[in-house]
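After this come two complexes, each holding subunit A, first together with subunit B and then together with subunit C.
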Partner chain A sequence: MAADEAEKARGKRAALAFAAVALVLGLPLWWKTTETYRASLPYAGISALGSLRFQLTVPVSVVFAKGALPGAQQRRLPFADTQEKESLLNPKTSITSRYETTYRSATVTEQAALATAAVQEADAALLLLQEDSLGALTVYVIPEISPLLPQGVGVYVGKHRSAVMRCPQGPGDVLAAVSARVQQIVQAMSFTTDSITAALSDRVPMDQLGTDTRRPFKSSLGYEITFSLLNPDPKSHDVHWDIEAAVSGYVQPFLDKLGLVANFSVDSQILYYAVLGVSPRFDKASSSFILSALSLPHVINPVEARLGSSATSLYPVLNFLLYVPERVHSPLYIQDKDGAAVGTNAFHSPRWGGIMVYNVDHPAPDKALLPLRVDVDMVRVMEVFLAQLRLLFGISQVPLPEEFLLESPGNKGLTDWELDRLLWTRTVENIATVSTTLTSLAQLLDKIGNIVIKDDVASEVYHAVASAQTAMLELASGHLGSAFQASKEAVISSERAFFDPSLLHLLYFPDDQKFAIYIPLFLPMAVPILLSLVKILREAKQSKKEPTKTD
Partner chain B sequence: PHWVSGPEAEVQRMAWAVAAVLGLLLLLGSPGGCGGSPGPPRDSLREELLLSPLPSGDIAATFQFRARWDSELHREGVSHYRLFPKALGQLISKYLVRELHLSLTQGFWRTRTWGQPYLQAPAGAELWVWFQDSVTDVDKAWKELSNILSGIFCASLNFIDSTNTVTPTASFKPLGLANVTDHHLLRYAVLPREIVCTENLTPWKKLLPCSSKAGLAVLLKAERLFHTSYHSQAVHIRPICRDASCLSVSWELRQTLTVVFDTFSIGQGKRDWSLFKMFSRTVTEACPLASESKIYVDISSKTQENELLEVTPPPLSVHEASVQGDRRTYAVYDLLSPLLFNVSRSLNVQLKWKRPQDSLDLSTPVLHAQRYVSGYGLQTGEISTLIYNTHPYRAFPVILLETVPWYLRLYVHTLVITTKGKENKPSYIHYQPAQDRRRPHLLEMLIQLPANSVTKITIQFERALLKWTEYTPDPNHGFYVSPSVLSALVPSVLAMKAEDAEKSPLFTSLFPSADGSSYFVRLYTEPLLVNLPTPDFSMPYNVICLTCTVVAVCYGSFYNLLTRTFHVEEPSRGGLAKRLANIIRKVRGVPPL
Partner chain C sequence: LLFSCLVFLKGVGTVERKNLSEDQAEQFFRSGHTNNWAVLVCTSRFWFNYRHVANTLSVYRSVKRLGIPDSHIVLMLADDMACNPRNPKPATVFSHKNMELNVYGDDVEVDYRSYEVTVENFLRVLTGRIPPSTPRSKRLLSDDRSNILIYMTGHGGNGFLKFQDSEEITNVELADAFEQMWQKRRYNELLFIIDTCQGASMYERFYSPNIMALASSQVGEDSLSHQPDLGIGVHLMDRYTFYVLEFLEEIHPASQTNMNDLFQVCPRSLCVSTPGHRTDLFQRDPQNVLITDFFGSVRKVEITTETVALDPNLVGLETRVPNDEMATEPLKYAEQLPVAQIIHQKPKQKDWHPPGGFILGLWALIIMVFFKTYGIKHMKYIF
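Coming up: the complex of A and B.
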C-alpha cells in the first residue's frame, strides 16, 4: 500500500513538473519568439503637442528722435513694456501674441541717419545700425514737423525691418498714442491673428476662414517651379521666349531671398498642340474670343496631362502656363464674374499655379507668311507670374490705412519684413503639421499592435517631438530664425518616421489564421496538463476534507 | 478637384507694383540680355517612316523620331526644354546617365522569315544604361533610374533588381560618344515577362514634340499597332558629336517604333497594302517642328526585273543605299516638299504587286540563331543554342551573351560548343557564376563561326527549389529565361562604299560601322520558358499540422507514461464470461470456478 501511495505521489509530481515547465519555460519562450519589436515612443510628448498653445513674441524697439517727445515724457525713457493678447481658436489651439516693446531715445548716429533728406536714404542708413535678427522690428518716431516724410504720410514702412512714424500730436498721453500706432505697424509687419489662423487652417473649422486662406501652397521643404509655354498652333505661330534670361533676371532673386524658407528648382518647357479644355465663346461686339470665369475650372485638367510631373523629386510643383491661343481663336480674353475683361488676361488656381493668355498681333491675313514668328515680351509675362508666385506663397498685402507708405520691395521682389511674415506663418504651420502627423502616427501604432516599430523610427519621433518643443520655446522667446529651423527639422523627422517603409511590414495577420496555426500544437499539449491539474486539485480538496471526517 | 479663380483685382494691383520694379531693372540693363537676337535653333527634330515588305510577305513599318539638342545636359542649371522632353532630360542630368536604351516589345522578330532586322529588341522590356564615370554608386543610381523609368513608361521596370541585372564586358559598347569604356559603369537587364500594351504607348507618344496630333505620329493608333505580329517601341538617348570637328557634345533622343503587319490577314489574302489599310489613317502634313519628315518605301527587289511592284503616288525621288550588306532602293516621300500635297490633300502610299508572286523569295539571312530548352523531368535540363552562318565563304566571330537566372544552376563543365561535328573552342570566355537570390549567371563568349556552318552550344542546368514566397502568382505557367544576345560584325556579300551615315535612312547611323566590308548586327534569340518544381501552396499549413500532430502524439504518450500511476490489480470477481459460467454451474449444481 505504501508503494502504491509513493507511485501516486510520483505521478502527481510528474504532472506538476510538466505544468511548471510549460508555464516557466514554454510560455515566455512562445511570447518572446512571436512578439513584434516595438520601440518605446514618447506618447506623453506627442499628446502634449496635440494641444498647441502658441506664444509668439515679437521684440519691438521704439526709438524716439530728438524733439519727438515733450520733455516730461522724454525723461521717462528708456523703459520696457509688454503687451499680451490671447485668442482661442479651439479648445486645443490658442495663440498668444506678445509684444515686448522697449522705448528709448535715438543715439547720435541714428539721429544723424534720420536727419537725411530722403526717407529711402534714411532707411538704408538705419539698416547698418540695427542688429540683423529675423522677426525683430524697429520703429523710429520722428517729430511731427520733420521734413523726412512727405506731406500726408504718417508712417513709412521700409524695405527692411524698420518703420518711421510721425509722433502723433494731441492733447492726451503722447506715449499711449505712440504705442497704439506702433501696435498697428507691428501687426502689419509681423503677423495678425488672422494670418496665423489661416496657417492653422487644418485645425480650425472651415466656416471660420475666408476663401483666401486656401490659396497659398502648404508649407513644404522644397518646391518645383515649372514654366510652360503652350503653343497649340505651331503651324501659325513660331513662338520664342527667352525664359533663361527671364528666370535669372526676375525669378531667381526672389527665390534667393526665399532660400531660407525652402529649396527651389526652376525649369521650363514648351508644349505643342496642348489645348485648353474649353472652347472659347466668340464675342461679336469686340470681335474677340471670351473665356468666362465660370469655365476656367475646366481649362486646366486636359492640359495637366501633358505637363508631366517632375520625375526626379517629390516636392510639390507650381505650374505657370503661358498660353498662346490658336490663330482661329485669337484674340482671347478672360472675363471675370461681372463680365469685364481681366486686365492681366491671367488667372491663378489655388495651390496649383497660374495661367496667362498671351495674344499675338496678326498683322494681315496673309497665309504665305505663316508661321508667324512671335517673340514673347517676357517683362509683361514675368510681372504677372511673379505677382501670382507671391500670392501662391501667401505673401499678400494687409489692408493699411491711407497714411501708410510702403516702400516697394526692390529687385528682390520681397522685403525683409515680408519674409518675416512668411516665416511666422510657416513656423506655426510646420508645428501644426508635425503635431498632426505625430498624433495620427501614434494613433495608428496604438490601434494596430502588429506594426513593428524600429529603433530608427522611434529616434525620428523623439527628434521630431524635441524639435517641435524647441520651436515652440524659441517662438515664445522671440527667436524667429531658430524657431523656423527647429520647426523645419521637426517636419523632416516626423515625415520620415511616418513614411518609413518598415511600418508597412506585416500589417495584415488576422487572428483566425493565428488560431489555425496554434491549435494543432497547443490543444493536444494543453489538454492533458489541464486535466491532470484538475485531478490533482480535486484530490487535494478531498484529502483536506477526509481528516476532518475521521477526527 | 475644384478650381477657384482667385481675386484678379489683387493680382493686377500687385502686377503693377512689380511692373514698376521690373521697368527699373530693364533700364539698368537686364542680366542675360532679354530680348536680344536669338541664336540658331539649338534643337532639331527629324521624323522618318520606313515601310519595307518582308520576304515572307508581311510588311514592317519602322518609325523613327530623332530629337537632337545642342546642349550640355550634365552642366548644372540646364533646365529649359523645347523639343527634348523634360522628363527624360531631368533624368539624365540627375543620374548622370551617359547613354540610355530602353525597349518594350511584344512578339518576336522571326529573323529566318523576316530577314535581318534594323533594330531588334527582345520580347518584354530591355534596359541598358551607361553611367558617367563621376557616378560613385552605380547600383543605387541604376535602381532609382529604373524605378523612375517605370513611372514614366508605365512599365514594370521597378522589378529590375540585382537578380536580373548583369554587367556585360563585351556585348554592349556605348553607341554614342564615349571616352570611358569601363564596363563597371554599364548595367543591363531584361524582363521577358513584361507585356507591352497601350498604356506603354501613350507615355511614349507623349514624349514626341508633336504628340500624336501632326506629322507621322498621326499614324500611331494604338488599336492598329497592337493588332500586329510584332510591336517594339524604344527610346535611345546618347551623346553625339555636334559637328565634324567634334569639340562639343549634343544629345540625341531616338524614339523608334517597329510593327510588323500580317498582310495576308488584313488584306484578304492579297499582298497589296496601303497606309490606310495598315493604320486606318493617312498622312496630311509634316510635323511643323520637324526639320525633316520623310517616308521611305523599300522597293528593291532581288531580281533584275524591277517592275514587280508599283507604288502610288509616284515618288518624288528615289534613294539608293547599301544597308546591312544589301543594295536597297527606296522611294522617298518628303512631307516637307510643297509638291507632295499639291495633287491631293492627303498622302496614302500604296503598293501593288504587278503579278502574283508565287515563289516567295526566302533567302535566309547571313546570321540567325535559335534556342530551346531540352531534357525531361523537373530536376535537370539543357539549354541549346543554334547559331547559323549562311555566308558562303566568310567566317566571322560572334559575341554571345547568356543571362540565366540563379534558380537554373548552370554546370559550366557541361558547356559544349560544336561546329560541323568538331569542338569549337571560344577565344574569350567571361563567366560570372550566380549567387542564390543575389545575382544571375552571366556567360559571355567570343565564338568563331566558320563559313556556311551551324554551331551548337549546349549547357546543362539543375532546377533549384524556391522558397514558397518566391514563386510568381502563376508558377505553373513557367519561368522565363531572357533571350541570349548575339553581337557580330557580319561581312557583307556585296562590297559597300562608305557613305554619309547621316543621310541614309533610319538606323544605319545608330550603330558604328567599322568599314565598308562589314556591318554590325545584334540579334536576340527566343526567350525560354522553363518549368520549375512547383509545390502545392497549401503546403506550409499542411506541414504545420503534420508536425504538430506528430509532436502532440509523441508528447501524449510520453506524458501518459510519466504521470500515470501503476498499482497491482486486485483479483476481481471475474469478467462477464466467468459469471455466466458460474450461473450455469450453479444451475447444474457444480461448484463455481
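Coming up: the complex of A and C.
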C-alpha cells in the first residue's frame, strides 16, 4: 500500500512537472518562434514627423547705395530685422515664413559696380562681390533719380540672386516703404505661401485641382529626357538635325544647372514612317492644313507605342517630339481652342512631354528634287523645347506687377533665383513625402500583423528620420542647399525602406485554417496533461473532504 | 502671363464654346488623372481553362485599341494556350465561336508568363516591392495621378481566387495590397473587375478610397462560360467577359459612355449569374465616370505659348561636317562558344574521392552477413 501511495505521489509529481514545463518553457517558446520578426523602429520620431511645422528662413540683405536714403535714416544703418508669417494649413501642417533681413550701406566696390551704365553689367559685377549661396538674396536700393534702371522700371530682377530697386520717395518712413517693397521682391524670388502649399498637395487636399499642380513631374531622383525626330515621309524629306550639338549647347547647360536637383540622362532617336494618329483638315482660307485643339489629345497615344522607353531606367521619362509633316500635308499648323494659329506650333501634355510641328519650305514643284534635304533650325526648336521643359518642371512665370523687369535667363534657361524657387518647393515636397511614407509604414505595420521588418530596413528608417529632422533644422536656419541635400537623402532612405522587397506581408490565414494546423500538433500532447491535472485536482478536493468523513 | 488651355473632350466633330462657369463645373467632375495603367491577370493553367486566357487577351486587346500602350500594361498569363500542343490552330487564341476573332496576334506582350504568375509576384507588382533586377516592363510604375484597371479571371470561391491550381489569394490580402497602394499614393482611382465564380466576395473587404469594383457573380453563384467551339474542343470565353467585350467594342477613344452603362452589361437573362458592383468607396458619381477614364488613355494637352530666348552666338557650336561615311573597322562578334577548344579537349583529370556512404554501407552489410553466417573463425583465412 505504501508503495502504491508512493507510486501515486510520484505520478502526480510527474504530471505536475510536465504541465509546468509545458507552460513555463513551451508556451513562451512557441510564442517567440511564431511571431514575425520586427527590428525596432523609431516610432516616436516617425510620429513627430507626422505633424510638420515648416519654418522656412530666407536670409536677405538690403544694400543701400550712396544717396538712396535721406540722411536721418542713413544713420540708422546697419541693423537687422526679422519678420515671420505663419499660416496653418491643417492641424498637422503649418508653414512659417521667416525673413531675416539685414540692412547696410554699400561698400566702395559695390558702389562702383552700381555706377555702371547698364543694369545687366551691374548685375554681373555684383555677382562677383556676393558670396553666392543658395537661398540667400540681396536687394540693392539705388536713388530714385539714378539712371541705372530704365524709365518706368521700378525693380530689376537679375539672372542671379540679386535685385535692384529704386528707393521709393515720399514723406514718412522710407525704410518702412523699402521693407514692404523688399518683401514683395523676396516673395517673388523665393517662395510664396501658395507655392509651398501647392508642393504639399498630398497632405493638404486641394479642392480645385489646378493645372499647375498636375502638370509638373513629381520630385524624383532622376529623369530621362528623350528627343525624337518623326519623319513620316522620308521619300520627300531627308531631314537632318544636329541634335548632339543642340543638346550640348542649349539643353546641357540647363540640365547642369538643375544637376543639384536630379540626375538626367538625355537620348535622341529618329523615327521613320511614324504618322500622327489624326489626319489634319485642309483649310482653304490659309491654304494650309490644320490640327485643331480637340484632336490633339489623340495624337499622342499612337505615337507613344513606337517611342520606346529605356528598359533599364526606372526614372520618369520626358518625351520631346519634333514632327516634320508629310509633303502632302504641308504646311501644318496647330490651332488653339479659339481657332487662332499657335505661334510656337507646339503643344505639351502634363507629366509626359511636348510635341512641335516643324514645317518645311518647299520650292516650286518642278524645281523640287526629291528627297529634299532639310536641316532643322535647332535654335528655334530648342527654344520651344526648353520652354516646355521648364513648364514640366514646374518653373512657371510668377505674376508680377508692371514695373518689375525680369532678366531673361539666357542660354542657361534658368535663373539662379528660379532654381531657388524650385529648391524650396522640392525640399518641402521631399520632406512631406518622407513624412507620409514613414507614417504610412507605421500604420501598415500596425494594421497588417505579419509584415517582417529586417535590420537593414530598420536602419534605413532611422537614417530617413534623422535626415528629415536635419532638413527641417537646415530650412529653419536658412541653409537651402544643405536642407535640400538632407531632404533628398531622407527620400532615398524612406523609399528604400518602404519598397524593400522583404516587406511583402506573409500569407494571410483565416482562423479556421490556423486551428486546423495547431490542433493535430498540440491536442494529443495537451489532452493527457490536462486530464491528469484535472484528476489531481479532483483527488485533492476529495482528500480534503475525507478527513471529515472518517472521523 | 501664361495661358493654359485645358482641352476637354467633346463628341467627335462638335466644337462648342463653353463659358467660364461651365468649364469649372466640368473640371470638378473630371477625373484628375494624367495617365492610365492596366494590370490584367489570368490565374489558371491547363488546356481546359482556355477561356480564361481568352478572356484576358480580349480585355488586353480592347484596352490597347482604346489607347493604353504596352509600356503601361502588365499582362500576366498563367499558361500558354497559343502554343499549347493541344491547340489545333497553333499561334491563335480565339474568342468567338467559329474562330472569328483571333485575340493573339504578333503584338501581344506578355509580361508575366506561365509559372511566374504567382500570388507573390502579383502582390509585388501591386505594392511595388519588386527586386531591383526586375525589368521595367514587369513593373507597375504608377503615380498619384494614375488610373489603374485591374482585371482578374480564373477559378474562385467565397473569399479567394485560385492561382495556378496550387495557391490562393484571399480577399483580405487583396484589400491589404490595395491599402498599401493607397498609402503610397500609387493610384488616383482604381477599377477592379473580376470574372470568377462567387466573384463578389473578392471585393467585400476593400477599405481604401477611390476603388470601384465589378464582379461577374454574387456569393453563392457560379459564373458560367459562354460557348464551346467544337473545332477547338473547349469553351472559348466566359459569359460576363463576352458581354463586356461586346460593350467595349462600341467604345472609341472619344466616347462619353459612363460607368452606369457598364453596370447594366450582362443581365441575369444572358449571364445566368447576377453581376455585382461596388461604388461606395468611390468619390465621384459613376454617372460622371467615363469608360475611357479606365479603359482608354486620353491625354490632357496644353498649347505651348512661351519660348525661351536663346542666343546662338554664345554657343560654341562647331558646324559638323557630315561624315556619315566614316571608315570604321568591321565589327565582329566575340566567340560565343569556343568550339575548337571543346573538340580538342583532353578528358579532365578527375580527382580521386573516397567511396561514398552507400558503397561503404553496402560492403559493411555484406561482410556482416558473411561473418554472421559462417562464423568469425573464418576471418583468419581471409586476412
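The rule we apply is simple: the second predicted complex is superposed on the first by the 505 of 551 C-alpha atoms of A that agree within 3 Å, B and C clash if a C-alpha of one lies under 4 Å from a C-alpha of the other, contacts with A are read in each partner's own complex, and residues count from 1 in each chain.
Note that in this section contacts are C-beta pairs under 8 Å (C-beta built on N, C-alpha and C of every residue); 3 or more make two chains touch, one makes a residue touch a chain.
Worth saying up front: this structure is predicted, and the values here are computed from it rather than measured.
Under the clash rule set out above, the superposition-derived model of subunit A with subunit B and subunit C contains a clash between the two partners.
Judged by the touch definition given at the top, the superposed model places A:357 against neither subunit B nor subunit C. Legend: residue contacts after superposition of the two complexes on their common chain; A:525 is shown touching subunit B, with no touch to subunit C. Once the two complexes are laid over each other on the shared chain, residue contacts for A:371 go to subunit B alone; subunit C is not touched. Once the two complexes are laid over each other on the shared chain, residue contacts for A:270 go to subunit B alone; subunit C is not touched.
In the superposed model, A:251 lies in contact with neither subunit B nor subunit C.
Looking at the shared chain after the overlay, A:95 reaches neither subunit B nor subunit C.
Look at A:448: by the touch rule set out above, it reaches subunit C but stays clear of subunit B. In the superposition on chain A, contact of A:504 is made with subunit C only, not with subunit B.
In the superposition on chain A, contact of A:7 is made with subunit B only, not with subunit C. Mapped onto the common chain A, subunit C and subunit B collide along 333-341, the only clashing stretch among 63-71, 171-179 or 333-341.
Residues 211-212, 214-215, 240, 242, 244-245, 249-250, 293, 296-297, 300, 310-312, 336, 342-344, 346-350, 352, 379, 382-384, 386-388, 390-391, 396-397, 408-411, 413 of subunit A are contacted both by subunit B in one complex and by subunit C in the other. For subunit C in complex with subunit A, the residues that touch the partner chain are 1-2, 4-7, 9-10, 15, 27-28, 32, 34-35, 67-71, 119-120, 123-124, 127-131, 135-137, 139, 141, 143-145, 159, 170, 172-173, 176, 179-180, 183-185, 253-254, 297-312, 314-318, 320, 322. Contact residues on subunit A toward subunit B in their complex (touch as defined above): 4, 7-8, 10-12, 14-15, 18, 211-212, 214-215, 226, 234-235, 240, 242-250, 265-270, 272-274, 293, 296-297, 300, 306, 308, 310-312, 336, 342-344, 346-350, 352, 371, 375, 377-379, 382-384, 386-388, 390-391, 396-397, 408-411, 413, 516-517, 520-521, 523-525, 528-529, 532.
Within the complex, the subunit B residues that touch subunit A are 2-8, 10-12, 14-15, 17-26, 30-36, 38, 79-83, 85-87, 90-91, 94, 148, 151-152, 206, 209-211, 213-214, 285, 288-289, 541, 544-545, 548-549, 551-553, 555-556, 559-560, 562-568.
For subunit A in complex with subunit C, the touching residues are 202, 208-209, 211-212, 214-215, 218, 240, 242, 244-245, 249-250, 292-294, 296-298, 300-301, 304-305, 309-314, 334, 336-337, 342-344, 346-352, 354, 356, 379, 382-384, 386-388, 390-391, 396-397, 399, 408-411, 413, 436-437, 440-441, 443-444, 447-448, 498-505, 507-508, 510.
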